[in-house]
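By written order: A, B and C. Residues from 1 in each chain.
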Amino acid sequence: MTGTDLDEAAPTGAEAAAAEAFSAAEQPGGLKAALEAVLMVVENPVTEQELAQALAVGVEEVQAMLVNLQQEYDGYTGKGPKSADDPQPRGFELRNVGGGWRIYSRSWFAPVVSAFVLGGQSSRLSQAALETLAVIAYRQPVSRARVSAIRAVNVDSVVRTLTQRALIAAVGTDPETGAVLYGTTPHFLERLGLGSVAELPRLSPHLPGLENLGDYEDTTY
Amino acid sequence: MTGTDLDEAAPTGAEAAAAEAFSAAEQPGGLKAALEAVLMVVENPVTEQELAQALAVGVEEVQAMLVNLQQEYDGYTGKGPKSADDPQPRGFELRNVGGGWRIYSRSWFAPVVSAFVLGGQSSRLSQAALETLAVIAYRQPVSRARVSAIRAVNVDSVVRTLTQRALIAAVGTDPETGAVLYGTTPHFLERLGLGSVAELPRLSPHLPGLENLGDYEDTTY
Amino acid sequence: MGSTAEGVHPPPLTAGTPENLPAAGKAVFEVRLTNFSGPFDLLLGLISKRELDITEIALAEVTDEFISHIRRMQAEHGSWALDEASEFLVVAATLLDLKAARLLPRGEVEDAEDIALLEARDLLFARLLQYRAFKEISRQLAERFEVEGDRYPRDTPLEPAFTALLPDLIWTTTAEDLAALAAAALQPRETVPEGVRVDHLHGSAVSIREQAGLLEAHLRNAGSLSFGELTADAAETLVVVVRFLALLEMFRDGVVSFDQDEPLGELRIRWSGGDEPFPADSIGADYGADFGAGYGPESVGPGTVDLTLQ
């Protein structure tokens, strides 16, 4: 509240205050820096809509700035082809995965960074867990029984592990049987570096001769 | 593993690999980018000594690079007095707090950042948060993995919320796994109007209360 | 197997895949068998060990090995969880059929058993290929996890300045509320059911023997009934189907006779078996004792449907 005529309009909260009296664009660095500032505090991939709201600008503008930042971090100036004069890539990158934008350390510095990250990335998934995850990813929403049938083994404990790791989650129940249906989470996509489930590698090349098994394949991948 | 004569020395872990065969200086962006990578993702400020060790360079060199990065983020090139051609300051800044370095959002964007942070906050705890809080209260000290196992969902973000709300806090680490153990805080007791954890209502005796929850061992990862 | 393989011995992706198992050194192979997560995994392992493509021939060829492996596993692990064992047995039974069919001279596909065998083979084949597809994809996922694991997200605690801004919590929870929540959360969850899981079936299992007994009683009482009357109390289609099959069985054994005055006319069933009770138990020799409902992919669950029936 920098002394305006709004004194009697009691601000309803910090948001109102920010919107009324603070102009990010007027600060040093401008909107792009403001965007960076917000990206510094996100805990999960953040959508363009959320960012646009926080900055009180349009989604298109945010999109343009995000791409701009991404290129900047990658050491690409956008001024013609890449040259030796271009700045070096930064030690971090901005990525659009798991349904939103987030800052990550560069993969090639993993040997250095891993020492500083508590616990590092969680331990590897077992073969059973990976197979179960694959079935769920491509058949979602899907019941445990269905996954069991495809893998020909009981998957209860694996499903529990995958749930605890937030790679899958219960997404509904089968209207007929009442069985819990599972699907993958945004965290799953983030961990795989994917924007959406549609970006998963195609399953069909791995299914030779099964194209016509209509009653077998109830989803087309 | 950038092709050295160490092929037969099987690395025992990421750290060993880093120490033996990895040279951050040879990666795109070099040592400075490696430094950025670490500073960008560390949870807590890191000391110059830790950074020097991880990068296998001297403390002086790290200090010089830190100051350099700091100025770069501030939009100061170090080439003479500040001019209009200087790059804009970034939305983040490198701060040396209590002997350690970390990257923070730039202070003058606080109104935008707090609007964003508060936008996602509710003034009520979710059901998931309350359940997790209950489990932690009765099982403390307890690891996130253990709580996850009991609740059969991932609790990472909920634990973060509860920590931000100062209802729980890290109270130690598991001597075996190194996992952070959580317990409730005095603030939690205050909220409930209790003098101590011992005053929490007893769970019915047939429950596998606080003693032997063998079923929920979080061993299978 | 099962939870053991998943939990206690998480096989590293590279070492545990059957493709990478050493072909020589049988002892090593046997030890690693515990890493196979299921019959398909084992089957694929055996096929790739012999450097065969997945074909009907390959399946028939590895039958003996498959069976001897599950015998050995059984010996090593003592008793199995029923649903795990049954999957292996279903696969083993189909493989045996396959092998037997190959040993016999090629002839016309005539009777229902031949057709059933063909269907069982195709089903096994399709399931195996499907499993292999997911297995291959899971390998790609593992690689992606590996590569992406080198990127660490910025996930830093909120700066205290911002934490201080959080709106005050509206707190209405009492200690008793909390205790109730804890009690609910700490309640042991339903454990994995023992025995064969049938929850993947759409309907219930219906016993053909039981239905035969019922029909016998009705017919003995009434002498002659229409099929409609015999199935009037059937709660679901499956029961109707099973009663029909039971009638066919009883007809074969000469204890009932059918009367139908005109084509598509009403079918009347008469008891013609005399006073001796009908030995319903004999039906089990040809059919499984129970019918599972549903013939979609969902029904191909662990050991619930007798594949020779399909």
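Here is the rule we go by: contacts are C-beta pairs under 8 Å (C-beta built on N, C-alpha and C of every residue); 3 or more make two chains touch, one makes a residue touch a chain.
The structure displayed is predicted, hence computed values, not measured ones.
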- Note on the structure: Maximum distance between Cα centroids and subunit C occurs for chain B
- Could you say which chain's mean Cα position falls nearest to the mean Cα position of the entire protein shown? A
- Note on the structure: When centres are defined as mean Cα positions, the distance from subunit A to subunit C in whole Å is 36
- Query: Using CA atom averages as chain centres, what separation in Å is found between subunit A and subunit B?
  - Reply: 19
- Message: Can you compute the centre-to-centre distance for subunit B and subunit C, using the mean CA position of each chain? Integer Å is fine.
- Response: 45
- Query: Among the residues of subunit A, which ones contact at least 2 other chains?
  - Reply: 13-14, 39-41, 43, 92, 103-106, 108, 110, 113-114, 117, 157, 161
- Query: Can you list the residues of subunit C that touch 2 or more other chains?
  - Reply: 3, 6-7, 152-156, 158-159, 162, 165, 167
- Query: Which residues, counting only subunit C, touch subunit B once they are in their complex?
  - Reply: 3, 6-8, 152-159, 161-163, 165-171, 173-179, 181-189
- Task: Using the touch definition up top, name the residues of subunit C that touch subunit A in the complex.
- Result: 1-3, 5-7, 10-13, 16-17, 35, 37-40, 81, 83-84, 87, 91, 126-127, 129-142, 144-145, 147-156, 158-159, 162, 165, 167, 192, 197, 199-200, 202, 296-298, 300-302
- Task: Within their complex, state which residues of subunit A touch subunit C.
- Result: 13-14, 39-43, 92-93, 95, 102-108, 110, 113-114, 117, 121, 124-131, 133-135, 137-138, 143, 145-146, 148-154, 156-158, 161, 176-177, 179, 190-193, 201, 203, 206-210, 213, 215-216, 218
- Item | subunit A contact footprint on subunit B (complex, rising order) | 14-15, 17-18, 22, 24, 27-30, 32-43, 46, 50, 54-55, 75, 88-92, 103-106, 108-109, 111-120, 145, 148-149, 152-154, 156-157, 160, 178-180, 218, 220-221
